[in-house]
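Everything on this sheet refers to the single structure shown next.
Should a chain be cited, it is by its letter among A, B, C, D, E and F, assigned in written order, with residues numbered from 1 in that chain.
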């Protein structure tokens, strides 16, 4: 039978944990590497709902993109997050592995998926670290590329809605401006704004942008499309499910791997088509 | 005639600069305190567009909520922000004062305006510092209060759209949940999430929320309404215009004070009413 | 029925948690404050063995002197300490509270017990913080006092063996030197060596001394008696059991409180009476 | 026509900016790299007087050795230094480039000029960084060398007065001592005193020495000659003027480059020949 | 007989050591507080020459203004300063006490002596710390005051030469400018330049100024007179000698206290009256 | 004749000082490298007693394993350690060199001696730094190895007592457990506990263990034998004596080198065979 450590090892081959940012927490977050695993659930977030789904579906290993323990813990308080989820995981016998910024930086990671879905051509890393550059699994942080054809910022927004099943997509800059060159950064890309400006692309597609980042982009003449943190990263779940399934075929009883069904973007809204209104 | 220093002094009486957070940059950001001032422009942001408006309307003093220089400068590069705006201000002879977190914490500051517009009752500081607590102009960071009547989270969202002229408002949590007690924090309130959770209110109205903050609120059972950074703070411009006008009446030639007309929320979108869709 | 929070609150009245050192981790370490408690186990250490005893004796709340989580945790690894014990506690439904340096500094805390057992007279704090000094429950870090009568260092060693049931007691300095004034510090007292030297006492009774501390004491002409970390602190278990029992009498079903039976000093040895040997 | 960036690029070829110390601020300090330049002024300091001279002589680019912005700026106060000079430069359309410690460390930089003027032989770096050592333009920080012939410390002082047009030159150590081996460090060389002592030279020629540095040299038996910060560095202006002139010949309208005329050593005095007086 | 500790205690009454700056090293630097003392030498610096004089004059206690150990020592290297002087002091049985910034800040300390010699009127602290302000022995860092009559900067220079027996005095600013209000700071006063500028005085009299400080003063329109570090502080020796003599009268054998004779300003020069020359 | 520097150089060849840990203080601690040396004393500690022995035996150079100055010194107080010993050394003309963690890490250093005395086979570094790994004199921090035959923990304890002449040896873990693989770390090895656990050996032989280290070992199932800091390191004295003697043969008058006779383990005790007692 496979163990938690096998899953960890396979993830490390797909998206080596050494690629993680220094401030990040990745790898086995709750659990025992020797624990036997027959069924794995893959999700974006280690939320209470996801733990419940893992438990109901009898998955003893949970692989998520976002880490559960980010600030080092001084206590495991079972009544408040994240201790509440840690307690739930331990009592349900669920072992949790997070593949976060290592997965963002991997060749076939989140940024790769986003670039593929958008049909980008001539894809390059937005930023890459010298020490990993030559390695086969390394793709760098973010990507730059070229849209198949020139289109307006508003059309980029509509394209993102369609291919990412995203709602509440926002844009910064004139909707009618023609753009062709693109930078993408999944998750929350505001921290890479300066690199994007320096790269000289027309539009930056990312998620979770802040107001002051939008202002800086306006001053620099860079268009932004914010597809939401969720939509920009949920797209990695299926590829991970397929990858782990493929790896877990070598024993008599193959590994069963599932995508979480309960996850939704926490943000909802009621917005209309607000950029058409006269008064703005 | 009045001077830049007079404007500074009046702002300090309205929202003492000592109330500013330690990490913040407030006060005279570009200019000479002794410069004579006849006309003042008040705005939310020291953007290129606002500087241009100040110049066109012949206002030699500009008062904004957001600071222009946030990271200390190693050079004044006239081709990149914020040096580009600094250069424009100096060449146009415009003197810039920022009243940022001191204004957030003031009794009649941004959080007060938001609480008033929402009709909150029994308003209290969300957080207040012991050293200022007894001072007349101090109001604390954020506020808690009670809505005039119980309503759903979705109705809170609609109320915010109406009274703040906000678009692209987002919510987190079940739209149909009844709420009554409220915390507000203008601008970007995610940093106060723990205090809001600890306060036990039903819903937190703020701007510029990040995905992981939404997840934490979901785990804690707290509803969120994100009205946008712009809408939550633009509301301070009129009160400041009126205040400065009232102060500048003591000389033969009264001070003229205007609200900037060119400011728009940088975020636009095309979102539909996304939380009603079945598939989510 | 009582809750974990009641136990916490009573401990806070006995030895206020605010007395804890800034580097220390005290209070609820694993658990939920609202959990109902009928039986409490009190121990020195949150070891695997103690958790097992708590579980066997059906105690859902465990009070220890030493904290379980000292270095903030980046992961809860169930196969290595302290994650192994955290996991065991959560799976057994045991809620853990640590009263560490707050208990050392309390009026009736570990240092008080040691001073009492040694029969010290004219007992004073070795070090006390101005901000707590006037508070009734505060006793300060360490104590100074006077032995009932003058005796040799070796007799102090024998006295400690007897009253603390300690074995492997060590001494530094001439065995035959007469001493009368004493400083005590339970646990590991080497960090207070300079204060003890400055206090001018004859002998310092503590535990867990390091070689270089012994050398410094020799140079300063201070005698040391090292009774072991375990023996110097195990003595607080009985007083705590009695205190908690007394507090838990107000409900119809009184709280049951027990002292752990499984704890032993981890150090064993085979030493003879080594200081008498000629060759040393 | 040439641009500010061309000047920057040429300076970087003469004295690569990467050679600058980590604590230093070099490069474009105020301005826009794309601005067209026909006339350049070169000076030691970006003072008000020098900005005025640049403006009067219609030079839109100013190259100085000393930086204008040293401590990162939290505000550009036009009434106090350095904001006063920044404002003056921006209003006069003057773009400022500083070549500071990169120029000190360059092969043909300040230390080279000083060594040449003193006629030093067998010149070597006083300190050199491994990473740059092999590069053609690199000369290291400070120099050591040998005087053409042995002379007294007082004669070294007189030599410096003559070749550097320096006044107020000071010396430390016996005036009549014979010296031959020399270390030089332009500007303020006190920070390199230990390296000079370790190098074993007879006399250290530098500027801007402090009292405690003089005392340390006395204890180490090292003679000092302090020629003043100004005199030790003003000597770089002419070589820079000639270099930039030579570079700006490739376009139809050659670049015009001038040395500032208004600069004087700020220190004046009335000292006599004080070391001959009896009473000292 | 008196002990080293008595001398320390008397100095602490004259210039309490708690007034010392946080970065400073004051008090007993080398020695044993219990050592008996019959003869004391007072000097500005703990140099080799001064130690030799103390030894020759049979003074077992040396009081200096400047500390010997400034950077904490990782080794006592007897061949290099300051270990060479420490070794010499220990072998000669000389116990060294330094009264440095506590003496600068004392009511009757270095700044007081300088103000007295210049005949300043209406003397006030240039900077004073709230916590000490009310204490009788406290005078603050630096002083401001008014000259008996208006005079030129050059006349201030000549006045300083005369009353301080200073040579090599330098000035910054126009020699013929009339000044009346003064700030003084003994030793090396450049660190207080901003406070002096803010105080609005005409001229700042201090020692050991650096080039960039001179430039900043020029930009601010402040005149400077640099009398040298030595001349500005040597003046405290006689008052200290007299004070210690007066204190050491209570035993049958009165304390003998001497001023060091061997101290000279380490800087010598050959400068002429350089500010009159045409070419500058 | 030889000098202090010769001894330093030979030690640097035996145990290069660059191998020392970054937090350590090694090398010439008190003295002058040029001082001539005829007789050397080698000891574990630079104690008062050892300095006295060096003086009595007319050894002007003292080589110790432990450094005298560990915390950088702000003063040399002759009445308190370590100033008291520094003063004694200087007055006695004794020059002190410490070879501490460089000697621990050396190929023929303390850990090598301990491994040899225990008869370990297949000895490897417990931890080794990449940068030194290939160097001939480098052995790494700590060692792992295999006992000649399997034995009980108690037998390991008895073996250590015999070969190290150690008393007061302590053990942690079951006395009767059979062990074969070993890690050793001389001095105070608690800081390497995690590496030892990760290495998977049966028993860790070291000195100066703390209580919480013992608890962690128990949780990890690792047996400990604590032979005392003194016994684990005193064993290096003889090899150093022999090495230095061998090096000092090249001049007509060979160097004389002695082992200190006065050193004793500061800890004494009266312990019995405590692990056999029933009640524990």
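In this section, a residue touches a chain if its C-beta (ideal position, glycine included) is under 8 Å from a C-beta of that chain, and two chains touch if they have at least 3 such contacts.
The structure presented is a predicted model; accordingly, all values stated were derived computationally and were not measured.
**Q** Compute the shortest path length in steps from chain E to chain F over the network of touching chains.
**A** 1
**Q** Which neighbours does chain D have in common with chain E?
**A** Both chain D and chain E are touched by no common chain, going by the contact rule given at the top.
**Q** Using C-alpha centres only, name the chain that sits farthest from chain B.
**A** Ranked by distance of C-alpha centres from chain B, the top chain is F.
**Q** Measuring centre to centre, with centres taken as mean CA positions, what chain is farthest from chain D?
**A** So the farthest one, by centre of C-alpha atoms, is C.
**Q** If I rank A-B and B-D by number of C-beta contact pairs, which comes first?
**A** If we tally the contacting C-beta pairs, A-B comes out ahead.
**Q** Which integer distance in Å separates the CA centroid of chain B from that of chain E?
**A** Averaging C-alpha atoms per chain gives centres 52 Å apart.
**Q** Can you check how far apart chain B and chain D are, centre to centre, with Cα atoms defining each centre and the answer in Å?
**A** Taking the average C-alpha coordinate of chain B and of chain D, the gap between them is 48 Å.
**Q** Compute the distance, rounded to whole Å, between the mean C-alpha positions of chain A and chain B.
**A** Chain centroid spacing, chain A to chain B, equals 31 Å.
**Q** Beginning with chain E and continuing through chain F, what order do the ring chains follow?
**A** Result for the ring walk from chain E toward chain F: E, F, C, A, B, D.
**Q** Provide the residue numbers of chain D that touch chain E in the complex, in ascending order.
**A** Of all residues in chain D, those touching chain E are 45, 47-48, 66, 80-81, 84-85, 154, 157-158, 161, 165, 167-172, 175, 187-188, 207-208, 210-212, 214-220, 226, 228-230, 264-275, 277, 279-280.
**Q** Write out the stretch or stretches of chain A touching chain C in their complex.
**A** Residue list for chain A touching chain C: 25, 27-35, 69, 71-79, 86-87, 90-91, 95.
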